[in-house]
Amino acid sequence: MSAPILKLDDVYTDIAQYHVLHGVSMEIPEGGVHVLLGRNGAGKTTTLRTIMGLWQARQGAITFRGKAITGLHTSDIARHGIAYVPENMGIFGGLTVEENMRLASTDGQFDPERLKWIYTLFPALETFWTKSAWSLSGGQKQMLAIARAIIEKRDLILIDEPTKGLAPAIIHNMISAFREVAQETTILLVEQNFLFAKSLGQTVAVIDDGHIVHTGSMAALVEDQDLQTRLLSLSLDAHQ
Amino acid sequence: MKSLGATFERFGGVNMLPVLIAVIALVLIGSPSTWITLTVAGLAMGMMIFLMASGLSLVFGLMDVLNFGHSAFVSFGAFVAASVLAGLGAWVAADSVFLNVLALLAAIIAAALFGLLAGWFFEQVIIKPVYRDHLRQILITMGALIVAEQIILTIWGGSPISVARPHFLAGSLIIGDVSIETYRIFAFALGLAAYVALYFVLNRTRIGLLVRAGVENREMVEALGFRIDRLFIGVFMAGSALAAIGGAMWAGYQTLITPAIGSEMMIIVFIVIIIGGLGSIEGSLLGALMVGLMGNYVAFLAPKMSLASNMLLMMAILLWRPYGLRPAVQ
Amino acid sequence: MTDATLAATGRQAIGRTGRFIVYAIVGLIGVCLFLAPFLFPDVRSQEVASRICVFIVLVASYDLLIGYTGIVSFAHTMFFGIGAYGAAIALKLMGPTWTALLTGSVIALVVSLLLAALVGMLSLRVKAIFFAMVTLAAASVMAVLASQLSDFTGGEDGIIYKIPKLFSPATKLLTDENGKVLKIFGVSANGKMALYYFVFFGSLLLYLVMMRIVASPLGTVLEAVRENEMRAEALGYRVVFYRTAIFCIAALIATCAGVMRAVWLKYTGPDTSLSFAIMIDILLMVVIGGMGTMLGAIIGATLMSLAQYYLKDLMEIASEATAGIPLLPDLLAPDRWLLWLGILFVLLVYFFPAGIAGTLMKKGAH
């Protein structure tokens, strides 16, 4: 396997007085979709936020393409080529769809080819291009959030539970979109929905109680029923 | 109830509230000429309050920082402008509109520059160490306000200072039996110009886009690769400069100022922000106009109840819409 | 023992010493206040002592809000003023009787309670920062009203009135065998002394009530709310209800303090009760003493009051001594003492947000 694009080495993160991550270590290979599974409160979101610099790690190192990004300002981490789609999607409701997209592009300009490609992935965005983002439906907001992350080619996209609260038809649309996006970049996906994760993921890491309890290929996990029951009782019981 | 709400929205929704106040006042006052004079005064006052309130509202929206020391910029603006006008006494009194305007511009620009500088200093020294800690923010900015007021007392003394109005703004415009002070028209026009400029910057420029996005979701703006703290310094300085201009205008309106000028206006500014909703300049404008009109009408109808009436207005709106009429975040 | 535990024990020891110092200071202040008529019989010292008593109550009740509950109100002087004006107006209209005092106090308490409940329910349910703004607005409106409704309040001039006869200096509390007023350690046991002890024991009672509140389940709930509002809400506490409740309690106590101040001064005006300057005093006292510690109120109120009365004299001297130097005399003038207090205040909030009592009593291992 090639050198990992992102590497977390023994990362500890505290939120106020609570210790949330205790020694998270994982490696994300370049290219494709990689899934971080875990139940509610296991530390999935905190892991993403720590990578993004939105929480500061108390200890441990995060390296991106061999460069240490621990302790950098969030905006600098973003400028390294990492995009982030938070769980609440982070849509600016008072801005139009276009303005949302414009902010995501470094110089405020769009590459017409790329915009066309995004329209084919998410046709709704073209329809609502000049509308306020708060008038979009939940699924459309999620599409906008992902479109913002791919308006320029990024090296790594962190996505926090994109399927939460979405209708199955939209999830289906998401799966094909993600497959296409993963052709040119790396996606680190946080999920509780195993069915969704399974159809996309190449590798999988399972987090519980602030540290990684399993890493391996998704295919191996899908085949190994015993392992699945053991890990997924951890990760999915809260989701039923 | 639902159809009533729909009708209300169709007739312009909350934007029509100032008009509603004006119409009710016309019925109560009776005399149209008095009403026009009061309405112009209310609109002029509203625009000056808007200048003072808009910056505070944006600063709060963007960084969740409420600066209780904001009124210090109003006071300083008033005194700096008064000093400049006093220094340029000959130009102010001259019977030449050109020299008058020059003196006036000098006073306003001096106030604005002072606001920019003081805003930068305030943000760096006072606010920065207490981001995200509301309790200490309130205490520290309050402490800074005390210090600022004392500095004004030390420099300009405690007794009231009279402010010279440029000659061309000193008179009144008389149309039929209605008399309107020229200064009020000028104040209204300047406030309106500031609103239009702010609206343009916020809606048509990339910086404005960032500010509006930041008001909604600070973290996401950073995750898109922007330094919101640098943006914030800019907004803070601009807001302070606007407050100082508002103070300068208010000084000319009052013609007699004391170091308490800022704290007196602060209460009104808070009422305006609460009525309008934090973080939006549209809300600030709406609130400022309502408060300006209400204050002037009530001052005529029941002089002692002027401030209390605005307080009651605020209470009523808090009951109806706890987040104000037009908050930035829906 | 490891270094870490050693350090922790060391800190605990410092914490113990610190706590001892705080108790010692508070004890000393308590004794001085209790014996004030005998230790400092002159008129000015008596005034200082009685002001300290009332302000300890006022500051402690404010601390119930800012320190124990984490809500910032600027309306505390409003309630203090309602108490003072309630007593003053009743004594003026009904004459210097106990009935008048009682009626005035009860009406003031009811008004305070209604206002506090209204303001609390309106603004405590939205962002905490709204509350600071709403209370500031409410307090200024009240101050403006008091100065404008001059038929009722005496306007800027305030009200002068007589107080019940028991408190008159001519009243003999105890007499010696000759029928003259008894002297205890050379101090006459007259109505003036009765008045001081009325203030002293009234304050003590209110202070003990607050100590009880802080130690009660209500106090525990409030601290839970302050530490983590969402969690407290999730645990089923009705946050708005508890906040409004403590706001009302603090308002009632401030009203009582206002009544005592009005009785002591025999005068009530905007400067003695409603002015924003008093609100600033309270803020300074609570921060200097230490937020979230009832003992801090005693230290803060005492230090500030002493400074207010005696530091100004020092500044006067300093200002005169530096008369030749430019600017310095202006900055050192007694009128500018708020400037220095303001700077001190900002520095304290930065570097010692826990105040004197809080810093000294900081628990070791945490």
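Each chain carries a letter (A, B and C) given by its place in the written order, and its residues are counted from 1.
FYI, a residue touches a chain if its C-beta (ideal position, glycine included) is under 8 Å from a C-beta of that chain, and two chains touch if they have at least 3 such contacts.
Everything quoted here is computed from the prediction, not taken from an experiment.
Top contact pair of chains, counted by C-beta pairs, is B-C. The greatest centre-to-centre gap from chain A, using C-alpha centroids, is found for C. Inter-chain centre distance (chain B to chain C, centres taken as mean C-alpha positions): 34 Å. Distance between chain centres (mean CA atoms), chain A to chain B: 43 Å. Our note on geometry: chain A versus chain C, Cα centroid distance of 54 Å, whole angstroms. Those residues of chain B lying in contact with chain A across their complex are 206, 209-210, 212-213, 215-217, 219-228, 328-330.
Partner chain B is touched in their complex by these residues of chain A: 52, 54, 73-75, 78-79, 83-84, 86, 90, 92-95, 99-100, 102-104, 106, 108, 134, 148. Interface residues of chain B facing chain C in the complex, by the touch rule stated above, are 60, 66, 68, 126, 129-130, 134-136, 138-140, 142-144, 146-147, 149-151, 153-154, 158, 263, 266-267, 270-271, 273-274, 304, 307-308, 311, 314-315, 318-319, 322-323. By the touch criterion stated above, chain C contacts chain B in their complex at residues 66, 70, 72, 118, 122-123, 125-126, 128-130, 132-134, 136-138, 140-141, 144-145, 148-149, 276, 280, 283, 287, 330-331, 335-336, 338-339, 341-343, 345-346, 349-350, 353.
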